[in-house]
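These are the structures, in structure tokens.
Shared between the two complexes below is chain A, which pairs with chain B and chain C, respectively.
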Partner chain A sequence: MSAILSIAKTTLGEAIRRRVLLVILLIGVLFLVIAPGLEALSPRQEATVLRALTLGVIQLTSAVIAIVLTVYLIPNEIERRTIYTILSKPVLRWQFLVGKYLGAVFALGLMMALMTATMLLVFAVMKGQTSVDQLGGLARVPVMFFVQMSLLAAVAVFFSTFVTPVVNFFLSGGVYLVGSVFNSLFEAFADPSRGDINPVARALATVVQVIVPNFQNFNVQNSAINPGQVIQGELSYTIGLIGYALFYIAILLIAGILIFDRREV
Partner chain B sequence: MSLAIETRDLVKTYKTRSGQTHVVDRLNLRVEPGEIFGFLGPNGAGKTTTIKILLGIIYQTSGQAFVLGKEAGDIQVHRQISYLPEKPYYYEHMTGLEIMQFYASLFGIKDTEHCKRLLNRVNLGNDMNRPISQYSKGMQQRVGLAQSLLNDPQLLFLDEPTGGLDPIAHIEIRDLILQFRDEGKTVFISSHELSDVERICDRVAIINKGEVVAQGALETLLVGGRIEVTANGCPAELADRMRDGHNVVSLNQGRLIVDMPDDKNPNDVVTAVQSAGGEIVSVIPRRKRLEDLFLEAVSGDDKAKGRQTISMLGSGGNDAVANGQAAPAKTQDTKGDNP
Partner chain C sequence: MRVKPAPLLAAAAALFLGQATVQTTQVYPLWKKNYAPIQGDYTGLSPEHFLFALAGFRELIAGILWVRADAFFDEGNFDAILPIIWLVTRLDPHQIDVYATGMWHIAYNFTDEGSRSDRRYIPSATALGVEGTKNNEHTYELFFETGWLYYHKIEDAYPESVKWFTEATKRADMLPARRNILNNALQRNNEVEKASDYLFSLLDEAEKKLKESGEFQNRQNRDTIEQNYDNLLVRMAQRGYLAKKGGYYDTWQYDTKPPFDVGFSAQVTVLEPRKIQVVGTWNVLPVGTRVRIVLRDADYPRAIPAAMEWYQGDRINLDPPKDLTFMQDQLFVRNQRFNRTIDMSRDLTMYPFVSDRFVVEFYYNPRQAPAYIQDKFGWNGEGMTDANFLNTEVRPGQRVVYTKMEFSRDEILRRGEWADKAPVRQTSNYRGLAPSQLDREIIRVPGILAQPPAGQ
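Showing the complex of A and B:
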């Protein structure tokens, strides 16, 4: 456990100093700060637009950070030969991989916490929303985003055990899009009650639905954007989602370890 | 007492577009405990691949590899060994001391004083709190040596430990390695710095294209001597003629140096030089160096297998260096190196 935590700590230290990540983070934070000025562009209710906009910025920025952060985790260690010194110590490969993943998740959490704090500050200072209920309602959405991004990071770590960073960027990005933006589309294709779908397309859509994690489930921002909307049985829904994410993360890490264990580095 | 390192018919092949490439080919090594063992070979000979197999970082295609009596890669063995890679890289945001603490934590060691003691031992006591990014190459190499001592290893693998260092750093690192032997540690060095290897190693193995072409104690392998004939005003045709046989020949602006085994008659060269209008400068007998052994073993192996002879060491500034030797393909001493 000591080895895993040490590797995680070092990974965190490196990640929070990577300029490319800091630039992405800075852009995200800047958008959050100027977001109140952009709401005038929309005729919809100001607060609704601002909430949707800021949460959208956090989600998009976090997704880019999660992918950019993790696609280089293993390849960088191999290229710089740091992995040889580490693996020549009493460290097993699974410990190395899990340590790298945890370090990336810690770094992701730190960066998301910074963006969330900025968002809450924007609402408190510029919109005068200082009640714990209002801010708490907003803050729980990025928490679910964090779980979502941890899952996305596990996808990227899995791919990083056998593909190059560039390929991984597109693969992980593709998986995220299929599991979130296009999830409804695949759901419709896989629906057995629809007779107008080609059986082959339906079978393919079903396979994709089973394999690709459903990132859409973690998008709980609607209840925060539209105060009238509530999630029925929110606690059990949240626990279920976290369990779902942990299950997928475990599967992805185990698969990554099995590949990495036999890989020539 | 078991051997520190033993390989038996170790083979590592990689699939390429043109078929299979044997990077390590039936390699048999025996390293005794407590010795400094030099592992030599030209670039691409398979040295680093062999070390990676011994460390369990990559896996052999066939054959066996044992480290401290256990199969290579055994995690318990990793507690008793250490590795300094060629051109090591460290997380640049960390200081020398933080790097040491990080590697110590991988062994479960939390003793900061132990880390400091080791940094002091490699003369980094005053720089331990500076970021690694500010360290010179020699300082980074010394951090590498310090981290390799964290677990008080029985066996150290050092890959090019003096590569690219200035003369002072060279001497410091060489002295440290000698200290390791005095402490009873086994040191396995892969290096191109033949003068260093000759000074500190007890035994060596020279590999070429993945195969051992010479192995044994230096005192046994370096028996015999060489004669160096130097002449001025020599034409290029003469240098070409001299390349026949067992000679290493260099020609630079008419200055010809012929390096030959001491069982050959230097008068033949002297006569040839005088007939070609050249002037003899010196005829100096000298002892055989590791460089000579390396050239004999590697080029002899290449010739025996019909490969192009490599151009090699010590040729700085010469118009031409060639070794026309037809040395035996394998050289072994009789100290039981052949399992």
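Showing the complex of A and C:
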């Protein structure tokens, strides 16, 4: 366990020193700070759009950070040959992979926490929203984004065990894109009123929905953007969702371990 | 040391089953209930917007698009706003202001040079409102807005106003001041006793609130409801409503007796292609009467006398039928006559005049009249009559004034034999108005009764 934590700690340190990530983070934070400049709309609509924009910026920036951070995790170690030094010590390959992943997730969490804090500060200072209810409702969304991005990072880590960073970037992005539409697509396929859909296609959609990690589940920002909605079974949904993410992350890490364990480095 | 694959594969398989179970039994059903977007056509999105929307940034794109729509509002570029409203409601069906603004925009802002709304859009506005209520059942707002569209813009569809306002009042977040509107809609829908009961319940609630807190807002609300209630009770007495219920209406004098003959007559002249002049008489002294005039295709789909079915299903068609004509205007009565020139020649897309036959309809319904005229005419027109055009069929249970005239396409466009002579249609009782009568400004201050009863 200590080996995993040591690798995670080192990875975290490396991540927060990487300039490219800091630039992405800086752009995200800048967007968050200038977003309240939109004062053309009615007060309520302005608040709605502002919430949509800030949460969107956090999600988008986090997705880019998650992918950029993780696609280089393993390939960089191999390219710089530092992996030999690590693996020559009493560290197993699976510990190395898990440690790398955890380090990336810690770094991601740190950066997302910074963006969330900036967003809350913007709402509190510039929009005078200081109640715990208002800010708590907003803060809940990035927490779900964090779980979503941890899953995305697991996808990227899995791919990083056998493809190059550039290919991984597009592969992970593609999985994120497909996983972000699949609930909607499945809903369209499953609609019993649509008689034009082939039963085979319907069954296939169900299979794909089960196989592809579903990122759309984590987009719970709508109720924070448009407050007042009645959300049914919110706690049960949140627990189920976190469980779903943990299951999937574990599957991806196991698959990654199996591949990485047999790979020539 | 390498890991043993078998236990890991078994664990992965178990986890896979676990995630599939959680996804299908717990997560997806709740996602569908709470977070699913509208299934729709996103073809209006630019490629980058489409990509972002796909990637889960629907609300972000909706926000950006709405900011863009606001700029179009400022520029007066109303046509450009429609597709944005459509897209934003697809991307984020919970943006209440977008639905509310969209309905208002579609119903009110597409006008001709004479500020007449393009009524062909209204079924789309009602459809948008209905869709908005389905997607936002938690708040009163879109129920109220839909009711208001029927009450204020469409008029004459008061059962719908009552239906939507009633739904709005069921929601706890409805503002107290807005709750009064259901009373007005109930009265206009001839549900007078229900209006009375409703006001009584509102008064009861307002009294309770005032006892809880004596702040100005609560006092003002209670006073307003009390005044509305008083007015209604007085009207129920003076208009003979209570007497009818009690069976003694014939015994006593009420404001609605005897029915007053409005003496409607009209003449329509096609002055120029697509330009008509409407003159006529209306024997009511107080200013404030507006007689509805409709000029439409004789076979306009789903038309009803002097109107159309304003709700035509859930389909939001932002491209109204370009080959149909439906003009609706009000003839403002002053000094017992009206004289209005309606020029449709500058708005060819709104008034294409493609059909072969057209009808001009005149319609007056006391339910839409201001209260001081309704005091004489009653809620259902029981205090109003017309020797020639009183109609009890076009709106069952109501006494309205209604007549129509037909024109051919050649007549409206002044083509063929009508190129040199102006087509004229008039009611059989039209006696003509001298130019001096049309121009003269006489302000008469009426008493309560036009003629004092004999012996007084």
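Methods note: the second predicted complex is superposed on the first by the 237 of 265 C-alpha atoms of A that agree within 3 Å, B and C clash if a C-alpha of one lies under 4 Å from a C-alpha of the other, contacts with A are read in each partner's own complex, and residues count from 1 in each chain.
Methods note: a contact is a pair of C-beta atoms (placed from the backbone, for glycine too) under 8 Å apart; a residue touches a chain by one contact, two chains touch by 3 or more.
All values derive from a computational prediction rather than experimental measurement.
K.L.:
Kindly classify A:Phe182 by the partners it touches after superposition: chain B alone (first), chain C alone (second), both, or neither?
P.N.:
neither
K.L.:
In the superposed arrangement, does chain B or chain C reach more residues of chain A?
P.N.:
Between chain B and chain C, the winner on chain A residue contacts is C.
K.L.:
For A:Lys89 in the superposed arrangement: first (chain B), second (chain C), both or neither?
P.N.:
first
K.L.:
Please work out whether A:Ser236 is in contact with chain B alone, chain C alone, both, or neither, and reply first, second, both or neither.
P.N.:
In the superposition, A:Ser236 touches chain C alone.
K.L.:
Once the shared chain is lined up, is A:Arg81 touching chain B (first), chain C (second), both, or neither of them?
P.N.:
Touch partner of A:Arg81: chain B, not chain C.
K.L.:
Who does A:Arg17 touch here: chain B (first), chain C (second), both, or neither?
P.N.:
first
K.L.:
Touch check for A:Glu264: first (chain B), second (chain C), both, or neither?
P.N.:
Touch partner of A:Glu264: chain B, not chain C.
K.L.:
Identify the partner contact of A:Ser2: answer first if only chain B is touched, second if only chain C is, both if each is, neither if none is.
P.N.:
First partner only, chain B.
K.L.:
Both chain B and chain C touch chain A; at which residues?
P.N.:
Dual-contact residues (chain A): 92, 262.
K.L.:
Residue numbers of chain A touching chain C in their complex, please.
P.N.:
Per the stated touch rule, the residues are 38, 40-42, 44-45, 48-50, 52-53, 55-57, 59-60, 63, 92-94, 176-177, 180-181, 183-184, 186-188, 191, 209-210, 214-217, 219-223, 225-226, 228-234, 236-237, 240-241, 243-244, 247-248, 250-251, 254-255, 257-258, 261-262.
K.L.:
Please give the residue numbers of chain A that touch chain B in the complex, ascending.
P.N.:
Spelled out, the residues of chain A in touch with chain B are 2-3, 5-7, 10, 13-14, 17, 80-92, 262, 264-265.
K.L.:
Per the contact definition, I'd like the list of chain B residues that touch chain A in the complex.
P.N.:
The touching residues are 52, 55-59, 75-76, 78-79, 81-91, 93-94, 102-103, 105-108, 144, 147, 151, 157.
K.L.:
Across the complex, what residues on chain C touch chain A?
P.N.:
1-3, 5, 8-9, 11-12, 15-16, 18-20, 22-24, 26-28, 30-37, 39, 51, 54-60, 62-64, 66-67, 70-71, 74, 92, 94-98, 136-139, 173
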